[in-house]
Every structure is written in C-alpha cells, then in structure tokens.
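Consider the two complexes below, in which chain A is the common component and chain B and chain C are the respective partners.
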Partner chain A sequence: MSDRTDLLLAVADDELILGWRNSEWTGIAPFLEEDVAFSSIAQNEIGHARALYELAATELDTTADALAFDRSPSEYRCAPLVQARLIHDWAGTIARHFLYETADAIRLDALKSSDDAELAGLAAKMDREEVYHRMHAEMWAERLRDEDRFRDALEAQWPSALGVLDGDLRPRLVERVRDLGFELNGADPIEREVSDEFEPLWEEMTSVRRSAPAGAQW
Partner chain B sequence: MVYEVFRQERKGQPFQHAGSVTAPDEQFAEIYAREQYGRRQESVALWLVPREAVSEIDEFPDEFEMKYRRVDGYSIKARLHEARERAGTLDMAPGAADE
Partner chain C sequence: MGGDDLGSALGAGRRAMVTAEKVWDALAEIPDPEIPVISLVELGVVKGVEVENGTVRVDFTPTFMGCPALEVMQRAMEAKISDLGASPEITVRLDDSWSTDDITSEGREKLRAAGFAPPTPRPAAGGIELVQLQRGFRCPYCGSTETRLENLFGPTPCRSIRYCDDCRQPFEQFKTI
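And then the complex of A and B:
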C-alpha cells in the first residue's frame, strides 16, 4: 500500500467511524433541533468517508463499499478518539466533536496545500462543509466552557485527540485550542490503533453486509 | 427561544414561512435553521425572526358586511342560486343533472 492510500484510508476511517458514532445519537440527542443537526453532521462525515474511499479504491482496484465494510477490524486505521462509544455522555460527545473538528481543520489545511491535485481538491471540498461543523462544535464548546464534565472530558480525550494528527502537526493543535481558550498540553499522544471499543462497532456496522448473499447488489 | 424561519427558494422570490426552530440563542438558531431548512439545497436564503418580534393581528370586525370592500366582490354563484330557487328553475341550471 502506498503512502497515499495509507493516508486516504486513515482519514476516511476517521470520518466513517466518527460519523457512525455520532449517528448513534439520532433519536436520543438532548433536544429535537440538536438531533436533526447532529445527525446531519454525522451524515456529512460519512459522505466525506465515501469520497476518500473512492479515491483509494481507484488506486487499490476495489470499491468504496469494500474498503468501508469488507476489511477485518485490525485493518482499520482510525484514531482511538473516534472509536470510543460515548452514548449517553453528551459532554464527552461534544468534547470529542470539538477536538476532532479542530484537529481535522489542521489536517485539511495541510491536505489542501498538497501537490496531489486530486487530494487537495477533495480536501477543499470537504472543508467547505467542515466550516459549519466547526461553527457547531465551537458554539457548543463556548456554551459548555465552564462545565466540569466538559472540561474533564477534554482532558481525558486530549491524548487521543493528538493522535489524530501526524507528529509534525500536533503543535498546531495545542496552539489552536489555546486560541479558542482551552489550555491543553503535556500529554503522551495515543497513536492510531484498534481499541477494544472498535470490535463491537465493527460487528454491528458490517453485520448487514456480511449477512447478505455473495454478489448482492445494493 | 423560538425563532420563526422564513426561506427563499430562489433568488428574487419572496421569503415564505417555513416553520420554526427552538434554540437557546441566535447562534444556535442559525445552525439549526441551516440544518433543518437548508441542508438539501432547498433554500438560497433564510430569515430568522425571534417569535416575540412578531406582532400578531387577529381581529377583523366586519359588522356591516361591507362586501364591496373585498377584492372578490359579491359571490355571483350564491346569488344566482338564490334567484333560481325563487324562480323555481334550479333544475334548469347548467350542471343540475349531475347533482
């Protein structure tokens, strides 16, 4: 696998799994308007994953669906930050949303200036939707700023938030969250690996596809 | 806080009431209105109005039935029906056979 597909799959897996985790709130978010908005954001993330998988699929001579659903759990490249099951923990969910969107903005910025025109173009396209995700995330972070549960969740997730980015981009995350008024630093980053919480998600996410007879068309 | 949302489907068209969103403040309301009334590209612009900014008028007394003020004027159909009734020619009216 080339560095390019490795990168594409890492970003795509992050977006798919975060979209999946966030969509677990559909129907049970704290209030109706938030339910609609958060579900819509989750769908956007899954849309981004699809576009990234399609780019990787051309190179690997496979399909986006096969990359999303036919790999074994150990082959996924998503960061532990997006793997955690946070259902019933809204403060934790918003902390992750805020940390992920902030990190993702830094990653997209780097991708937008890549020499790879296809990748740079897709990053720019994704970023036009991510602007609204960031607005949503920052608005919530501002609102929950003084809540202990939110601040504790930020602290707890910070090492895995750093793990979303490559080493050279991590100082920018420290800087960016500081600009947004949160002092978070001095942690050992949790690197990309499949966590215990991933396997049950994978079981559920791929169950319909695995139960279908071979050659089924969707 | 309830915000009434008006949406414009195409540039130049009038804004029409789309519905409302409940949100703690205007910033949240903007995000929610965008997701609820704009994510399918069904609007080119939205107006958000706090419900308390809306003045409602709901009483329109018309004690003397001054129908000449109305743009639709008199109802010819009802008057014709009454006249036919008086003349006993209801069954000769166009369409009477269908009734």
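And then the complex of A and C:
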C-alpha cells in the first residue's frame, strides 16, 4: 500500500467512525437543535469518508463501499479518539468534537497545500463544510469552558487527540488549543490502533452488508 | 445489431440531432431533489457538457459531499440525456470546483421566493464565520434584516436556521460554502 493510500484510509476511517459516533446522538441529544446538528455533522463526515475511500479505491482497484465495510476490524486505521463510545456523556462528546475538529483543521490545512492536486482539491472541498463543524464546536467549548466535566474530558482525551495528527503537526494542535484558551500539553500521544470499543461498532456498522446475499442490489 | 445497416443509419441520424445546447436545456428542467424550486443548472453543479458521436459527457460537481440527493441528480441527468437519444457519461468531480457563489442570480431569486434566504457571497478575504453570525440576512417573508442565527445546522446539510425578530418567523438559510 502506498503512503498516499495509507493516508487516505486513515483520514477516511476517522471521518467514517466519527460520523458513526456522532450519529448515535440522533434522537437522544440533550435538545432538539443538537439532535439536528450532530446528525448533520455525521452526514457530512460520512460524505467525506466516501469521497476519500473513492480516491483510495481507484488505487486499490476496489470500491468505496468495500473499503468502508468489508475490511476486518484490525485493518481500520482510525484514531482511538473517534472510536470511543461517548453516548450519554455530553461533556465528553463536546470535548471530542472540539479536539477532533481543531486537529482536523490542521490536517486539512496540510493536505490543502499538498503537491498532490487531487488530494489538495478534495481537502479544500471538505474544508468548506468543516468550517461549520468548527464554529459549532468552538461555540460549545466556549459555553462549557468553566465546567469541570468538560475540562476533565479534555484532559482525558488529549493524548488520543494528539494521535489524530502526524508527529510533525502535533505542536500546531498545542498552539491552536492554546489560542482558543485551553492549556493542554505534556502527554504521551496515543497512536492509531484498534481499541476495545471498535469491535462492537464494527459489528453493528457492517451487519447489514454482511447479512446480505452475494450480489444484492441496494 | 450486427449487419443491420438501416438500424444503425437511423440511430446515427437521431444522434446527430443532439447538441450541447439541447443538453443544457434538458438539464435545466431537472429540479433539485430537495429544493425543487431550483434547477441543477441554476444550482451551478453542471460544470460542462460535451457531445461526441452520440455520447454526452457531463461534468458534475457535488454540492455538499454527504448529500443523499447526489445520486438522484445523477440518475435524473442520465434519464434526460437518454431521452434525447444519446448515451450519458456523468463524471463526478471530487475537487473544489463548487461553491455557493456558483448559484445563478435566477436561482437565488427562486430560493428567496420559496422562503429560503439565499447564500451570501463568499467574503473576498477572511473566514465565513462572521458572515454567518452577523445580523443582516434578509428575512424571506417580511424583508427585515433584524434576523439572527438560531442553529448552524438544519434539515439538510446545506441549510442553517435563522429567526426573524420582526415577523417572528424562523426561516431557512442556504449556508455559504
């Protein structure tokens, strides 16, 4: 697998799995507006995953759906930050949302200035939507700024937030969250690996596709 | 079909009638599946039409990437082109070739008439954060600019919800992207 495909799959897996986790709030968010917001954000993230998988699929001679659903759990490259099941933990969900979107902006900036025109173009398109995710995340971080549960969740998730980015981009995350008024640093990053919480998600996410007879048309 | 000279001659004659202009006209009849007051051409998602030997190639760019209407749009374009007697080839671009600035002025007016505040032009410099948060979006019902952001997200990825303090109506605003 080329470095490019590896990168595409890592970003696509992050977006797909976070989309899944965000969609778990559909119908049960603390209030209706957040129900709508998290559902819409989830839809965007899964749309981004699809586009990234399509680029990777060309190189691997497969399809976006096969990459999203036909790999075994150990083959996914998503960061532990997006794998955690945080349902019923709103402060933790907002902490992850804030950390992920802040990290993702740094990653998208790097991709937008890449020499790879295809990747740079796709990153620019994704970023048009991500701006809204960041606005939403930053409004919520501002609202919960002085809440202990939110602060504790930021501290707890910080090592896996660093793991979303390649090593050379991590100092920028420290700087960026500092600019936004949060002092988070000095942790050992948790690198990309499949966590215990991933397997049940994978079971559910792939269940329909695995149960369908071969050649099923959707 | 091998050896059927008459059939192929008729087919060739029919195909010769298809022009890019006719294709554009046909595509302009396709409504957006989720906001049917505006057509795909007014939405600005058709980037190019090329006609060659009975094949019509359409360069198409998604609006919002997770929009479930994309496949419906593709199928509708294929059907329209087939109706013209040509074979459709739709290429979906995954680049940054669409923004809400590509919605035509006719399209904006139709959005407004249907109760959607059209997207504001993208700012020449700086982020769009302030654009979204500022007052000044015109209420599509009463025309007042005393409106405020209620929720960045709405019933589809392309919409935000605003509230008009004058006529006390919530309304939908097409996001600027």
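One rule holds for everything that comes next: the second predicted complex is superposed on the first by the 218 of 218 C-alpha atoms of A that agree within 3 Å, B and C clash if a C-alpha of one lies under 4 Å from a C-alpha of the other, contacts with A are read in each partner's own complex, and residues count from 1 in each chain.
Everything that follows uses one rule, which is that a contact is a pair of C-beta atoms (placed from the backbone, for glycine too) under 8 Å apart; a residue touches a chain by one contact, two chains touch by 3 or more.
Since the structure is predicted, the reported quantities are computational estimates derived from the model, not experimental observations.
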Which partner, chain B or chain C, is in contact with more residues of chain A? C
Taking the superposition on A as described, I'd like to know which of chain B and chain C A:Glu33 touches: first, second, both or neither. both
Between chain B and chain C, whom does A:Pro73 touch in the aligned arrangement: first, second, both, or neither? neither
Going by the contact rule set out at the top, does A:His136 touch chain B (first), chain C (second), both, or neither? both
Could you say whether A:Gly47 touches chain B, chain C, both of them, or neither, answering first, second, both or neither? second
May I ask you to decide whether A:Gly121 touches chain B, chain C, both, or neither, giving the answer as first, second, both or neither? second
Residue overlap on chain A between the chain B contact set and the chain C contact set? 33, 36-37, 40-41, 132, 135-136
Residue set of chain A touching chain B in the complex reads 31-34, 36-37, 40-41, 132, 135-136, 139, 143
Could you list, by residue number, the parts of chain B that touch chain A in their complex? 21-24, 27-28, 31-32, 34-36, 39
Under the touch definition given earlier, write down the residues of chain A that touch chain C in their complex. 33, 36-37, 39-41, 43-48, 50-51, 54-55, 118, 121-122, 124-126, 128-129, 131-132, 135-136
Note which residues of chain C are touching chain A in the complex, please. 64-67, 94-99, 127-129, 132-133, 150-157, 175, 177
